[in-house]
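Same chain, two partners: chain A is paired with chain B first, then with chain C.
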Partner chain A sequence: MQLFGRKMPLRAQIGLAIVIINLLAAIFVPVIAPYPEAEVVGRAWAGSSAEHWFGLDNLGRDILSRLLYGARLSIGLSLLITTLSFSMGVFGGFAAAVLGKAADMVLSRIVDLLLSMPALIFAMVVLSVLGTDLIVLIVTISVLDATRIFRVARALAMDIEALDYVEVARLRGEGLWWIVRREILPNAVPPLVAEFGLRFCFTFLFISALSFLGLGIQPPNADWGSMVKDYSALIMLGVPAVFYPAGAIAALTIGINMLVDWLLSINTVRR
Partner chain B sequence: MLRRAALGVMTLWAASVLIFAGTQILPGDLAQAVLANNATPENVAAMRHELGLDRPAVERYVEWLGHAAQGDFGKSLVNQRDVAKELAPRLYNTLFLAVYAALIAVPLALVLGVLAAAFQGRAFDHIANAATLLAISLPEYFLGYLLIKWVALYLGWFPVLANVAPETGFFGRLYLSFLPMLSLVLVIIAHMMRMTRASVLAVMASPYIEMAFLKGLPKWRVVVEHALPNALAPIINVVALNLAYLIVGVVVIEVVFVYPGLGQSMVDAVSKRDVPVVQACGLIFAAAFITLNMVADILALVSNPRLRHPR
Partner chain C sequence: MTNAQTLLTIENLRIEAASQAGGKTVLVDNVSFSLRRGEVLGLIGESGAGKSTIGLSSMNYTRGGCAITGGRIVFDGENILELSEAGNRALRGVRIAYIAQSAAASFNPALTIGRQVCEVAVRHHLVGRAEAAAKAVELFKALELPDPEHFGERYPHQVSGGQLQRAMAAMAMIAEPDLLVFDEPTTALDVTTQVEVLSLFRKLIRERGTAALYITHDLAVVAQIADRILVLRHGKMVEMGAAQDILTAPKEDYTRRLVAEREAATADAFVSEGEGGREAVLTLDAVTASYAALPRVVDTVSLSMARGDTLAIVGESGSGKSTLARVIVGLLPRESGRLMFQGKELSPGLRERSREELRRIQMIYQMPDMALNPKHTLLEIIGRPVEFYLGKSKAEVRARVLELLRQIELPEHFIDRRPTELSGGQKQRVCIARALAAEPDLIICDEVTSALDPLVAEEILALLRRLQERLGLAYLFITHDLSTVRRVANTVAVMRKGKVVAYGKTAEVFSPPYHPYTELLLDSVPEMRPDWLDDVLAARKGRVEATR
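Let's turn to the complex of A and B:
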């Protein structure tokens, strides 16, 4: 199998398959989910059966259906946040690289400040004041994430800006915006794609962790992290329900990592 | 080195500003949040006065930082108890767990990493590589619940809940917190080990290592005496970074095992919006994180003479 004109090793193929399956599940939930997300369809904690493959949860809802809807929320939210933080981070990083020393100083110091604390701790401090609102969650995580992307984008743009063809464009009298758009951005895209995968993973795990702590997605909505929290109490009674959402999180992370590893390796070869 | 230490103190101060700003200046009205259903205009005004929210933010910040430096974090908004007194035993518990995990994870990671580098391309290396990749990808709580399922429930070797009490003895603590420790070790060991392997291998490619081989030294001596000392600076950095990561891991793991530590207090406080407690916990975690990063940089300087005299 080929992608980007290169043969994919087995590991990357498995990774791609996992990612595609998850994406399809997230997109087509309403069609494939056997039951509505919030409907009580039987006795609480009923075991798995032909009608309910993964059994029923604490309120008697179908676990498989909730997993599928959880995929939609977890993946959709992570995609949204990663896109937001990428726009901010790449914009800021490029600005720091091309706008001169003063702008670089200011932006870099702000980012250093935000990076001086673990993201989870910082997010918890903010959430304690603003409450666990979905919008607050999205903005907080995007800003925290953007700081990491800023560093990568800035370093990339600095490298590219030092190259001769950028100098040529500058001498030709091209404007700053034109140089960023036509010279720097296209050359920064391949490494940024791999970075996007890594950041997506990070965001995805971060939201799950917050939800697991009860500070992320609030009921009645459920993502995989909050499902782990809801189902964890029953592990002592031998109900294995907690492993379905936790396993789903793990599988998607591993899948993306396998794919990103391969993307990174073709990037380094090309350089 | 002094400069790095000063930078660390500066960062810590900046973090305190950030925590304070995060909890005080952001647009959420604390008084409204605390009162929730009883938020009549008069009540809110009275509460704002009681919390000092009607005074300028800078004044409140100086006061808060001054008290915090003396170990006074104010009173909890939920139960009116003294925050510092409440948190002290929990801080001890968290430190105990973190040090316990670090003492086991760091030597183990170094030994395994060096072994993987020494047996590069052989079965041990491949197995270690696959295992660490798996451990990196798994969320902390997944590992925690796997351990609960297999070690605590199936084998019955350790208790499910790590409910240590203040009167629990030292060995009792070691026993009760074994599973949380093991989950933390699994979380941080993988990355440390991979980096140890990578930096030893990077050094192994240099000419003086070839020289050492050519003069007939056995492989273990080349690895331990020639490669390891030069690989040490990046390894120290990774170790410190992972210990800093331990701080985040500890929050989640404490919740999984219902371990009475600082992380759990912070999670509880955030969901109850008990701001003084959140501020105190945040400050302690940030201080630990910044200190570890600073120590890492200083140790890297000490271990590598070439870095001591920057241009």
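Let's turn to the complex of A and C:
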């Protein structure tokens, strides 16, 4: 199997398959889900059966259906947040690296300020003050995540900026925007892609933590993180429900990382 | 072969590396040699010849991704390829020690030199801590390090590069190994330092009767120290023989080329002087510059060069020669003095210069790897200046790039390749093409050949010369290599500690009467006569102090 004109090793193929399955599930949920996500269809904590493959949850909702709807919400939200935070973080980080000492000072100190507060507590404060609106949730997590991406992007850009080919461009008289776009960005992409995969997974867990505290995704909407929290207590009583959403998170995380590893390896400059 | 005197025997050695495509690349193929106790074998070859790989394999070690896939390595009667990890540990550092090219990268900056020098002996319980320290002092003395009693108390950053390289030799010798592997130990040093370090290494191994593999790309260096020489190319043996025979009567064509190239490097042939009275391209008048809070790096430098001239700035590391190049192009604004380019004064800083002024001065760098963006194709790399300065259309840019590729003698289909698909020499050609694309009047060449193998470097210099003849360019060569100066420059300026100590026609500066520092530099360039080092050391006594 080939992608981008390169042969894919088995690991990458598995990773790609996992990602595609999850994306398909997220897109076609209304068609493939056996039951609506919020409908009570039986007794609470009923075990697996032919009608309910993964059993029922604490309110008697179908776990498989909730898992599928959860995929849509968790993946969609994480993707949106990660994309937003990368746009902000990379833009800010590159700006700090190339605009000179003063700009770097201002931007870095703002980021330090945000980083000095524990992310979860910061998010809790913002969400309790402004309300648990989805938009507020997205913007808050994006900004918090952007601070971490800022640091990665800034360090990367500074490393690349010190190389001779960037100096050549400056000596030629090229503008800053051209240098960033044509010389720095293409060489920063591979490590940023890896970071994207990792950040995407962290965003999942962060949303779930907020959901657990009642500040994230609001019931009856399902997301994998809150499902883990909802079902985890029951593991002591022998109810295996928690393994389904936890397994889904783990599988997607591993799948993304396998794919990202390969993307990185084909992008790495051979020396 | 099974002589009691034989210390190391390598038979049909084969080392392979797993390549990206999943296949194998053969790094070392069918190499066999043996080494007697107390003998020094020089391994000579260009980069990629497998010299270091063979050197490391004698310690049963290969770099990541490589493996010894064939042959035998017998050290003192034992096949070391069969050793366990514990056996390897008992061998490495104790019976066979390694001296790397960069001592600075091999020392831990957080520990004192003394502690690191003694580490091997102490860790292997060969001697106690106090005894090891006494031994270290003795070695520091033998290596003529300053204040040997207390030298070990210093940290790596507190001593010079040459001293650190000597400290590494002490580290290697502390356990009294039978075999030393020197991997280009003087390549990163200045020529004047190289002479000292080389002579001390030789003294040390001769006094102690240690056998050694001496890896280097410089025939003249190996001539001073090796009894026999093994010439390698692409992982295969080219020829092996007594040092004298290889140097004076090489059998193989490749060796002959290497020897001829090296002889040309020290020959007293100068570039014919340019005719006088041409328009001045670049004039520096008492230019001074410094980095913040440091003493002047460029101190009242005055130079002048005309169209078609090649001016070489020579000096050792820290002499300010590269800084001078940065001042000329405007990366480091000068503090005072005048910088005239084609009759007009140039602004100190890059940003105040016009695009036209920028176009006329181009620069070529030492490391072509870092000077080319790996994500761009040659069309983009070479075409950008054409588009940027001359405002040509897409079709015109492409036509011009093809023309430039022809000029730098690369095939036209390379236009869509990226730098990662090129060899070092080809990359440097692309850098030249990029500079030419701007149609400049002056090209600053900052150590352009020092990262290249000798034969490739010679080709690059020849190309630059041909281009100069055709296009009437002026070159400013920044270099530490005096043989390059001799071959390309009609004018030379010798720099030391930011000042120009000698300046004039190359033939005059490099002929008596010399400036004492110029003489020291000239004398330090290794020659291929095996008795060169002794002559230099004898001649130098007393004179070194005069120039310090």
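One rule holds in what follows: the second predicted complex is superposed on the first by the 224 of 271 C-alpha atoms of A that agree within 3 Å, B and C clash if a C-alpha of one lies under 4 Å from a C-alpha of the other, contacts with A are read in each partner's own complex, and residues count from 1 in each chain.
Just so we're on the same page, contacts are C-beta pairs under 8 Å (C-beta built on N, C-alpha and C of every residue); 3 or more make two chains touch, one makes a residue touch a chain.
Remember, it's a predicted structure, so these values are computed and weren't measured experimentally.
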Touching partner for A:Gln218 - first (chain B), second (chain C), both, neither: neither
Chain A residues touched by each partner, larger count belonging to chain B or chain C: B
Partner chain in contact with A:Ser108 - chain B first, chain C second, else both or neither: neither
Partner chain in contact with A:Pro118 - chain B first, chain C second, else both or neither: first
Touching partner for A:Tyr165 - first (chain B), second (chain C), both, neither: second
First (chain B), second (chain C), both or neither touched by A:Gln13: neither
Partner chain(s) touched by A:Asn187 [first = chain B, second = chain C, both, neither]: second
Contacts of A:Glu174 with chain B and chain C, given as first, second, both or neither: second
Complex contacts: residues of chain A adjacent to chain B: 112-114, 116-122, 124-132, 205, 208-209, 212-215, 228, 232, 235-236, 238, 240, 242-243, 246-247, 249-250, 253-254, 257
Contacting residues of chain C [partner chain A, same complex]: 20, 329-331, 350, 353, 355, 358, 362-363, 365, 367, 369-376, 384-385, 388-389, 420, 434, 438
List of chain B residues in touch with chain A within their complex: 11, 14-15, 18-19, 22-24, 26-28, 30, 33, 133-134, 136-142, 145-146, 148-149, 153, 160, 244-245, 247-248, 251-252, 255-256, 266-267, 269-271, 273-275, 278-279, 281-282, 285-286, 289-290
Residue numbers on chain A that touch chain C, as the complex places them: 163-165, 167-168, 170-174, 182-183, 186-187, 269-271
